[in-house]
Amino acid sequence: MSRFIKKKKEDIGLSPYALVFRGQKKTDKTVLRAMDFDLEDVTEQELKSTDDLIGRKKSKKLTWLNIDGLDNAELMENLARVFKIEQNILSDVMNPAARPKVQEFDNGIFITIKMLHFDEKNDSLSADNLSLIITDNTLISFQEQSGLVFEPIRERIRKHKNKIRTSGADYLAFALLDVVVDNYIYINGILGDKIEALENDMTGNLKKELLESINSYKSEMNFMRKHIKPAKEMILNLGKMESEFIHDENRIHFRELQDNINEASELSDSYREILYDQLNVYHSSMSTKLNEIMSILTIFSVIFIPLTFIVGVYGTNFENLPEVHWRHGYLFMWVIMILTTLVMLWFFRRKKWF
Amino acid sequence: MSRFIKKKKEDIGLSPYALVFRGQKKTDKTVLRAMDFDLEDVTEQELKSTDDLIGRKKSKKLTWLNIDGLDNAELMENLARVFKIEQNILSDVMNPAARPKVQEFDNGIFITIKMLHFDEKNDSLSADNLSLIITDNTLISFQEQSGLVFEPIRERIRKHKNKIRTSGADYLAFALLDVVVDNYIYINGILGDKIEALENDMTGNLKKELLESINSYKSEMNFMRKHIKPAKEMILNLGKMESEFIHDENRIHFRELQDNINEASELSDSYREILYDQLNVYHSSMSTKLNEIMSILTIFSVIFIPLTFIVGVYGTNFENLPEVHWRHGYLFMWVIMILTTLVMLWFFRRKKWF
Amino acid sequence: MSRFIKKKKEDIGLSPYALVFRGQKKTDKTVLRAMDFDLEDVTEQELKSTDDLIGRKKSKKLTWLNIDGLDNAELMENLARVFKIEQNILSDVMNPAARPKVQEFDNGIFITIKMLHFDEKNDSLSADNLSLIITDNTLISFQEQSGLVFEPIRERIRKHKNKIRTSGADYLAFALLDVVVDNYIYINGILGDKIEALENDMTGNLKKELLESINSYKSEMNFMRKHIKPAKEMILNLGKMESEFIHDENRIHFRELQDNINEASELSDSYREILYDQLNVYHSSMSTKLNEIMSILTIFSVIFIPLTFIVGVYGTNFENLPEVHWRHGYLFMWVIMILTTLVMLWFFRRKKWF
Amino acid sequence: MSRFIKKKKEDIGLSPYALVFRGQKKTDKTVLRAMDFDLEDVTEQELKSTDDLIGRKKSKKLTWLNIDGLDNAELMENLARVFKIEQNILSDVMNPAARPKVQEFDNGIFITIKMLHFDEKNDSLSADNLSLIITDNTLISFQEQSGLVFEPIRERIRKHKNKIRTSGADYLAFALLDVVVDNYIYINGILGDKIEALENDMTGNLKKELLESINSYKSEMNFMRKHIKPAKEMILNLGKMESEFIHDENRIHFRELQDNINEASELSDSYREILYDQLNVYHSSMSTKLNEIMSILTIFSVIFIPLTFIVGVYGTNFENLPEVHWRHGYLFMWVIMILTTLVMLWFFRRKKWF
Amino acid sequence: MSRFIKKKKEDIGLSPYALVFRGQKKTDKTVLRAMDFDLEDVTEQELKSTDDLIGRKKSKKLTWLNIDGLDNAELMENLARVFKIEQNILSDVMNPAARPKVQEFDNGIFITIKMLHFDEKNDSLSADNLSLIITDNTLISFQEQSGLVFEPIRERIRKHKNKIRTSGADYLAFALLDVVVDNYIYINGILGDKIEALENDMTGNLKKELLESINSYKSEMNFMRKHIKPAKEMILNLGKMESEFIHDENRIHFRELQDNINEASELSDSYREILYDQLNVYHSSMSTKLNEIMSILTIFSVIFIPLTFIVGVYGTNFENLPEVHWRHGYLFMWVIMILTTLVMLWFFRRKKWF
């Protein structure tokens, strides 16, 4: 299955306002979870119907609304109405192929980025879309499918009466993005361990599997780099954004994000270079081996070809072939052959072939 | 036939004001179609004579004038007069080799871009020019030949009483450009599917056709990238343009276009990298195969060359060749040959050649 | 002969004000031609002596003074005096190795660029310097040698009573530069046709001449790109220049020039890529062919080497070699040899070598 | 052991304020050394307990507090309290994987960079983190482990009553960074000597060890470049920083740092290119050698194959084989064979194979 | 001997104010030459003692003080005192490894650049440092060793009563830098001639020396490019510098310098590309030759291997081998062999191997 989301023919010319799901369904049922908290209290709740959304807007607590599954158009319309989000924003939310970007709108900030997952079994990466909407007192997060990626953040909210409960939706968004970027670094590390482990297989007899591994990791690394690059650009824009929805005292955290995404980017650059080096070493070894094979073939051939010719000469049936009648003819032939061999060996020694 | 439009010798030194067709005719007859609409009504009409242009200027409805065929100099002159378009703009319209660009003039905005078509039969891309002129209450679009590319937009106008009917010529231009860029992404996807399908042919016996496919897709991908790059640049300029002909509330849609062209550009980068990887894998496999062939040849030669020499020795006709007269001479020869073979095999085993 | 102009040892440390010719003479005699025109009249005249320059300055008509040959120091001094041009400008005019650039001075604008010529016979490019000086009511153009490149412009002036007669020296300069850049595109097209024609030679038996052609076009394309790059930069600077010698209504034409030089630059990029692709295809084909040759050699060797060994065994002269005395010994040998051959063939089939 | 610090799974989602050590311990015990000085006096002291920190803040002398070991969370908390350093700064100090950067905070400037060490024994580089905090009258430096790198600076402070004692914490930070960057240049030189020494091994018989050396130095050079690049960026930012903690008269020294880091960067570029050149030379030599081997094999084979065929013909046992009964049959065979050989030799000479 | 200046271990941590020579001595004795001139008079003088410096400052003539040899710390201190030059400037003068740069200080401008020398004997480049200090009415130039590079400038001052005598220290600095850059272009030309001469050796039998030449010129070209790049950057900064020590009317000359350094840079780019092309052509030729060798070997082997097998069959000693007793057995064998050969030849013809 392709890891790239292809545009469907019928989506060409679609209005940017149409609330249509433009991806591949990865989940059966849309799940809404709300978490409301201030310094004192934390309540968690799974929303059954989209009617539960109404009234939420007025709560003075900070609300984190997490939605797993992007294909529920009715829900999107309700969100648009309740939280006064423009349709073209929610249309982007419903398009998992959307490039990482940040965009301001009248009532908030819209952020989209890719979350990477590493499948240990197949040594392969996959990407899920994450969209965040920062609006008054509320952060809405949209994921393509349910997962435990943000559980550490939920734990921090539940257990610690500190900054994360009181710094607003923008800080919460930062915390989620930080998890995403930390994951980039973490996955780089996992792939990196596997890449560095290949070094040991580079000595001795080279196996075809080694080449396949190098090429496969190269392709995974490219997949990762392709997603890190626009994310880096997005986080840079986020850091420079002048918006009422980002508190000045939280601005420093977005610089932290920049450092982290830069670290992820540089790590992937480093591993890519190591892979290129390994490929070069592999090919050099192969060509050294070919040279060695050809040398041995040539040494053998060049030594034995004249010898075989000589015995051929004395295998001819000429009636008056003098040497075969000599008393020491056979010995004579061996002397000639040994001399020939010595000359050849001296020649190869001079050529430094062995 | 070349896919690049070549400059004709006689066009060198031509005035930039001359209304001369500078391309290759792709259509027999110029076709004019007008679509007039406001929130309430939609009327469509094929214009027979260029006289029908007159009077259109004053209609309060929004007019979309679509022209297929660029070689009608008389029509261009009428357009220039009726809509007060500068000649150097229309001269660019008549040059299908013109680079994608956006240019403001006194009475409007001129946009030119390439539409890509994928010919499934030959697996090859071609490019047609599209020019748009946004002027008061009117959008004029020029295509090299007739086609159904914009039919979805016509349908949206006919069926939906919404934004597209009321947001002006700039929004309509955006909708057309969006179709063009969506097509880039769509074609990337088609090519991408074919490229990813090549992976399956990379295992086992490599066929020459595989290499030809890779090289052919590489060349199509380059053709596409060559057209996407200046289009990206143009759309960036369009997004930054300060003009009375672009409504502030439509500005956001041009940012959407930027995201889409970026997505197209990144997709084509990704597929290009995959093609380069496939080429590398192909060449590595070829060189591995050569190594294997040479190993087998060498093993065979090196084992049999000494054996053939030995039987040659005992095929000589020396009168006093002692071994041939021995009772177990023949056996003796076989023992020598088997020992020689075992030494060779041990040697190859140590070299790890099999 | 080298296509690069080398600095002479004695020119090192020369004052930038010295009016010394710093190139290779390409013409025997300096030729001055003047063309004076306004909307009504056109007069053409070949100037015999540099005295004819005097008085010209006061004419109200627009004057185009074209000079073929750069080595006349006396003429240069007269020009400096009559038209009040700084010596360091004219010193640059006399240096055909000067980089494409645009430079403002007190009484005008100085522009220098390379004109490319394609020699069909040798399939090779050469470059000539063109310098333009825009000053009050006068355009002075300097060419290394006489040619017909600007004849279409002269024709436009002679035949058409329009813009080109009335828009000033800057518009005339634009028209000349436009010819130069159109020539870049035209030559790109000629080379491009030849490059695309190579594709047909890429199938079947590869000739050495094909490789030589690819390498030769690659080198010509590089030569062209080397001159287009700084010209592009110069035209960009020209477009941004704030000068009283460029009329605001002509500014748009210099943007046209930018589009054209960009088209030339992108075309040469495309052809370069095609050449690189052809080289890769050539090398791949060569290596495929080597693989095929080695396979055939190996198949033959590996089949016959054991057979030749077997017949060698029965060619030995051992007295008690049992098989030669058998009744069906000869048949027996053939059975062994045929079995051996079948095993080999099965082996190669499994290896998928044929 | 990997030279890259990997993110631990449990650190994902950690608050940026948490004072948790995020690296690998390289030291057993945290060591604090204080150096207080003004123009007149210098006192040095090893701090036993973190209580000793209190009161230091008020001293009018300049204090250089050096801390070896980053894993003492309690110490970090005390530093935060005493010197009013934000927790997110100290959290970065405790993360040795942090990218080189400079960051202003309310009470000072935070700088982090990598120190490189060259292990002569294994010809390999390693990197340690260095963090600097410039605050009122105090410079705090944090190292991953103890070392003598900064001893020359201590000596300058002890011995010379000059600028270094009186120019403030920012000048002291400059001096330390200068040592780090000088070390980059010094290590470049060491590696460079080894790389240039490889040239001598490039002539004559190429050893596998040579290739391994080139590849190993290439990888070390990449490791260095990976750390120099972000350090260069950081020093550029430091030079442009507007801060009350950097005295205007010291600003010039940071320009000096830029020159030095640029020199380091360019040196590593140069050596990298030399390594690539060496690789190319190595591969060219290998392929030249293969050509030579194949030529010799072919010359031998092509000369002897027909000769061996001829003697084979006269070794057949046909009853009525005429030549074997000729009087000069044997001589006749030798004449044929010598003629054949001469033709072959002439053929190879024409092919210019020897 | 290495062409790169390595940092000495003891220089790490050295103060930027220390007047210590940080290079390799290239001259025995420091030589000071003063040239004083105005429009009317020129006097030249070799200064014996550094005391002669005193009083010079007040002269109204323009003074050019040239110093060969950088290791005289006492002289540097005197210069610092007399001309009020900051120590960190003179410390840079004493470091020949300093990167090309321009730096303003209170009493003047400091410029440093590399002078390149081409050693015709060894076809190798070397670099010497040149430092210039522009201060009131005085230009001080520092060279690593004595040479005749600036003799043409001295001649211009002695012989011509013009601009160079009256335009100040900045114009004189420009003249010296112009000589340095002209030298870059001149050396490019010399190397370029040698590179272009290699083309002739590319046809026919390729010698190993050719490859060595290409690689050696490539390395020299890289050495040159490494020094031109930062010089280009420096001259760009010089052109943009706002300083009282650069007269507005001289500013135009620094633009001339920019053009020249750009020309040098582009020339070296061109020659580098030509060298890369030559390398590719060399390798292609080698691989074509290998293909040819292998074809000939294979044709010979494949034709003779079956023939040799056939004669081997009839060389066996089977008692009842029917063919040897046939009347036309020998003829029969030849017919079989000729048919076999014809089949082989037809096969190769079809494969287009000859």
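Per-chain residue numbering starts at 1, and chain names A, B, C, D and E are given in the order in which the chains are listed.
Note that in this section a residue touches a chain if its C-beta (ideal position, glycine included) is under 8 Å from a C-beta of that chain, and two chains touch if they have at least 3 such contacts.
Molecules present, by chain and UniProt name: A, B, C, D, E = Magnesium transport protein CorA.
Bear in mind the structure is a predicted one, so any value in this text is a computation, not a measurement.
Between chain D and chain E, the least number of touching-chain steps is 1. Common neighbours of chain B and chain D under the contact definition above: A. Measuring from the averaged C-alpha position of chain A to that of chain C gives a distance of 41 Å. Between chain A and chain B the centroid-to-centroid distance comes to 26 Å (mean Cα coordinates, whole Å).
Each of residues 287, 290, 294, 297, 301, 308, 312, 315-317, 321 in chain A touches at least two other chains. Arrangement of the chains shown, judged by which pairs touch: one closed cycle in which each chain has exactly two touching partners.
The ring sequence of chains is given as C, E, D, A, B, with chain C as the starting point and chain E next. Residues of chain A touching chain D in their complex: 150, 152-153, 156, 160, 162-164, 175, 178-179, 182-183, 185-186, 189, 192-193, 196, 252-253, 255-256, 259, 262-263, 266-267, 269-270, 273-274, 277, 280-281, 284, 287-288, 290-291, 294-295, 297-298, 301-302, 305-306, 308-309, 312-313, 315-322, 351-353.
For chain E in complex with chain D, the residues that touch the partner chain are 2, 4, 6-7, 9, 11-17, 88, 97-99, 101, 103, 204-205, 208, 211, 215, 218-219, 222, 226, 230, 279, 283, 286-287, 289-290, 292-294, 296-297, 300-301, 304, 307-308, 311-312, 314-317, 321, 323-325, 327, 329-330, 333.
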